[in-house]
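The structures considered in this document are given below.
Two complexes are shown next, each including chain A; its partner changes from chain B in the first to chain C in the second.
After this line comes the complex of A and B, so read on.
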């Protein structure tokens, strides 16, 4: 008669554990366990083809010593860093903040501007890559070439001459909306009377922006930086469609490097070692932000 | 002097508005131009890689997609896979979010932090180990099917549905798992805002926990479920990595993979087919996004800040 001796509250707590079990099991099985399994795999010479495919063996830290002397790995880290800073930290943020500030002014057609800016965010990453291939098409009829032609610039081979800049422009384009929406809500939470007091004191627009708006927007900016750095760090499909990491590894962000090493070069063990490094980096970013944001639960 | 000051500020106000129009026009141009080609070319009888005004406007790219090519099959596959994955996310995250919100235990805070970290695991880092896990599960499933069913065509049919690699079940579960962390956070913060009194009153009236969940909490939780479901749908619908990893048979292809493989026919890319397919693939995401927009801020600040 255990049931009789348990209080309503104790029975409820037991029942709650049952309710959360399916979700926790699914995440544990397909995310948490694989993440730890990646560590185990990274210590083997596991491969998709050849001897090691049938009979992989423990090789200790060999994958990691190879990794840290592999110029392609360092290249991929550098490309990822530039990609994240260029698109998430600078591009999306600058355009998003500009849009949010402009849309706060008493102007017309706000809803139209708003919908147009938000649209790129709704498009699947496959389609994003695909429509930008047409934008960047080479020759004088390529859309971007025609646009720069208005300003007298010669037609360019965008994806060959400026590959990393090209993917940064695409990802910036895609993420303006998220920055704009988040920063708009941040701006709305700044009390109006602070601005009025500043105007009475004769502050200029520039002073108001740097002394009031920006400091009071800091918590929102910080939150935005967290979400956008971790999502940009995890990007795969968008760049894979556009360039597959090329030309000559110039756009090989870390997600693509893992994929290429594992499923193009068939070196699962080495791919797993890169995956472990990328997991560690994103966990460090996560822990840093969670502590800094003082997440309350 | 006071009058002078207001005149001056009205002028600077106008200048500021003009500058705002200029900036917004520039950003809107940047955002809108890439869409022109995909829209226009999908109605062009002789489409190319370049943006141009069509000489003949036609719907044949769309009809070709559904009549001659496998567009309908890919669309159905996408709807089935993403639809079921979204339902799984809703049920699991609804129950899990409720349970996490009401649980009182020392491990609650660590578990919630862990879910945040699970949420930011980059999917490309998981492809190798998930692939190995799925292969192992796959062997188990197919051994079971072969042990139970003797007819090979029946066995093949069952294996298409329940396989973890190159089958519906694996793709559905892995897509659902990736969306769960955010969905659970949304639901947990949502239930945190619903007072516990309702449930306690129902329990005093003799309702079972399941009855309480269905009759009282479900109607209250609908807005939260709508937000969680929309975000899960949009993210899973747009995902390309998982279908790329876990489907190889043509009859299992979903829209992103169909689009990608059509694009790989380098020697004979049919731009009419591609652009029409891209438009069809994009529409559901845009519609879902237009509904999801109003939840966006609350969800992201709630999901991370608690």
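After this line comes the complex of A and C, so read on.
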């Protein structure tokens, strides 16, 4: 009977809220609650070993003051920054844009090229990790070593000699598809007759790219940068499988650092503090994109 | 320098032939209108001239020079698109000045020319705005400004007024004509609206199914259509076409039968007894009989009163006939009335649709 008295608008609102409810519940349970739990945890000396494990106590901001003087934390931030810029901002974006531009033209074997680019994204990140462990394997049987061997290069220890570069390459390879798909949709939204008008106006291909395509693609580029920066910042499984943050913390991105502090050093409180800081950084990045660059989500 | 010649031009997309051997000449400084129904190939023809599509067969010459292989940017042609195709991320000033900036013309010179064009199009106060902040008519002005700032030899218009409301359309029509007189560029203007064609053109090219149906001055097409298609396409409301059969030919006049009724028509060289023809007559050349004597009896199906004139939609021998009458007329749906054809303005078309000359 109550339903009968509601207006059409109100019933529609109710219906939409019901539709959103499962997603909101999941987000509350799996994201919002853990975030607040982490904040609470970060203010304690909770641990898995020692006295604190049995009897943890409130320590205020001690974990945070410790964190800012911890060279390993700053190292992990630096590594994360290089990883994000190298793989998401430069690698995935450049190759994604190039692929999007190339695959819009009528070229032969387009479907095959498309599959080659999209497949890595469909593979779970742990599996990607194992594929590339085999690729980077040391000794003459490592795939990459065999390839460079054809050109007379000695077998390398890729994950030891160029660890950060190695994980940047893997993440770039895996993420090109996302960049390509998003940028392709951005390119599609540029009307054909704008290009034609530019051609008639006398623009060369190069001028069209820099003065029409790129500026008109900017909203999509910023949206891509926003999503990829935040998701790459939070990567864990791929790097954990490949290097576990080593050698000597050289690939210890912030996700790995949190894991290592919490579950290798068993300092849950301190690990939570790092997690809270990483959450704040992610949120600041998000706010920057939305406010300063006017990204429409 | 800007005489346009299309000679034996064909264009096909895969197996589909869109333009089928077109020969058209547009003289320097002439205002030519390509007109025809949707799908007749008029826009494709324009794109061939602009260089946005390549010619499959035949030749396009501009000022005597073959242009088939010349890229759009080197043809010295400007184009105004149906959708305006403004650059959404640029201001009006940047849109207009874009072509000049590509040529690395110094900025003060660009600004001067943009301001000149803005003054001509009366949009000086819009220069700092983005296209999204403009109305349809204003966008159209910017598109035209972008074309004329280059001082091109040839300007192509692709249905430029079709997205505007009726009043703006009349206004822009006058404006485009004024610009043509001022600049003297050769203009090709594509439209499906025969009113635009009649009011603006010095030369009309009527296209049908990818081929030229007739080329001529507006009044020549109106008065002497070479075929039934042009006869019906040019003029509004369209010409009445009544199927008839020659009953008796010979002498100065012959008798044609429309359904059960007979009508005498002037003799033509091509007529023979039994020929099936179509008699064409425009609504303004038919009058309602007042003395009982008429060519054809009909009944009123619909009356449209526009104040200054009235359109009577009649049915005679199961064929629709439209009659235009000055002022108002007292009649009701279902009334039986007799109509009289002004023989001087009758057109006769044979079975294939070609005009039968006197």
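The criterion applied here is as follows: the second predicted complex is superposed on the first by the 256 of 297 C-alpha atoms of A that agree within 3 Å, B and C clash if a C-alpha of one lies under 4 Å from a C-alpha of the other, contacts with A are read in each partner's own complex, and residues count from 1 in each chain.
Please note the rule applied: contacts are C-beta pairs under 8 Å (C-beta built on N, C-alpha and C of every residue); 3 or more make two chains touch, one makes a residue touch a chain.
Quick caveat: nothing in here was measured; it's all calculated off a predicted structure.
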item	value
Touching partner for A:254 - first (chain B), second (chain C), both, neither	first
Partner chain in contact with A:12 - chain B first, chain C second, else both or neither	first
First, second, both or neither for A:207, with chain B first and chain C second	second
Chain C versus chain B, contacts on chain A by residue	B
Touched partner set for A:197, first chain B, second chain C, both or neither	second
Contacts of A:216 with chain B and chain C, given as first, second, both or neither	second
Touching residues (chain side chain A, partner chain B) in the complex	8, 12-13, 15-17, 19-20, 22-24, 26-27, 29-35, 37-38, 41, 95, 98-99, 101-103, 105-107, 113, 116-127, 130-135, 137, 139, 141-143, 146-147, 173, 176, 178, 181-182, 184-185, 205, 220, 223, 226-227, 230, 233-234, 236-237, 240-241, 254-256, 258-259, 262-263, 268, 271-272, 275-276, 278-279, 282-283, 285-287, 289-290, 293, 295-297
Contact set on chain C toward chain A in their complex	50-52, 71-74, 77-79, 81, 83, 85-89, 98-99, 102-103, 146, 150
For the chain A and chain C complex, residues of the former touching the latter	191, 193-194, 196-204, 207, 211-212, 215-216, 218
Chain B residues touching chain A - in the complex, by the definition given at the top	12, 16-17, 19-21, 23-24, 27-28, 30-38, 41, 49-52, 88, 91-93, 95-96, 98-100, 102-105, 108-109, 112-113, 115-118, 120-130, 132-133, 173-174, 176-178, 180-181, 184, 203, 209, 234, 237-241, 244, 256, 259-260, 263, 274, 278, 281-282, 285-286, 288-290, 293, 296-297, 300-301, 304-306
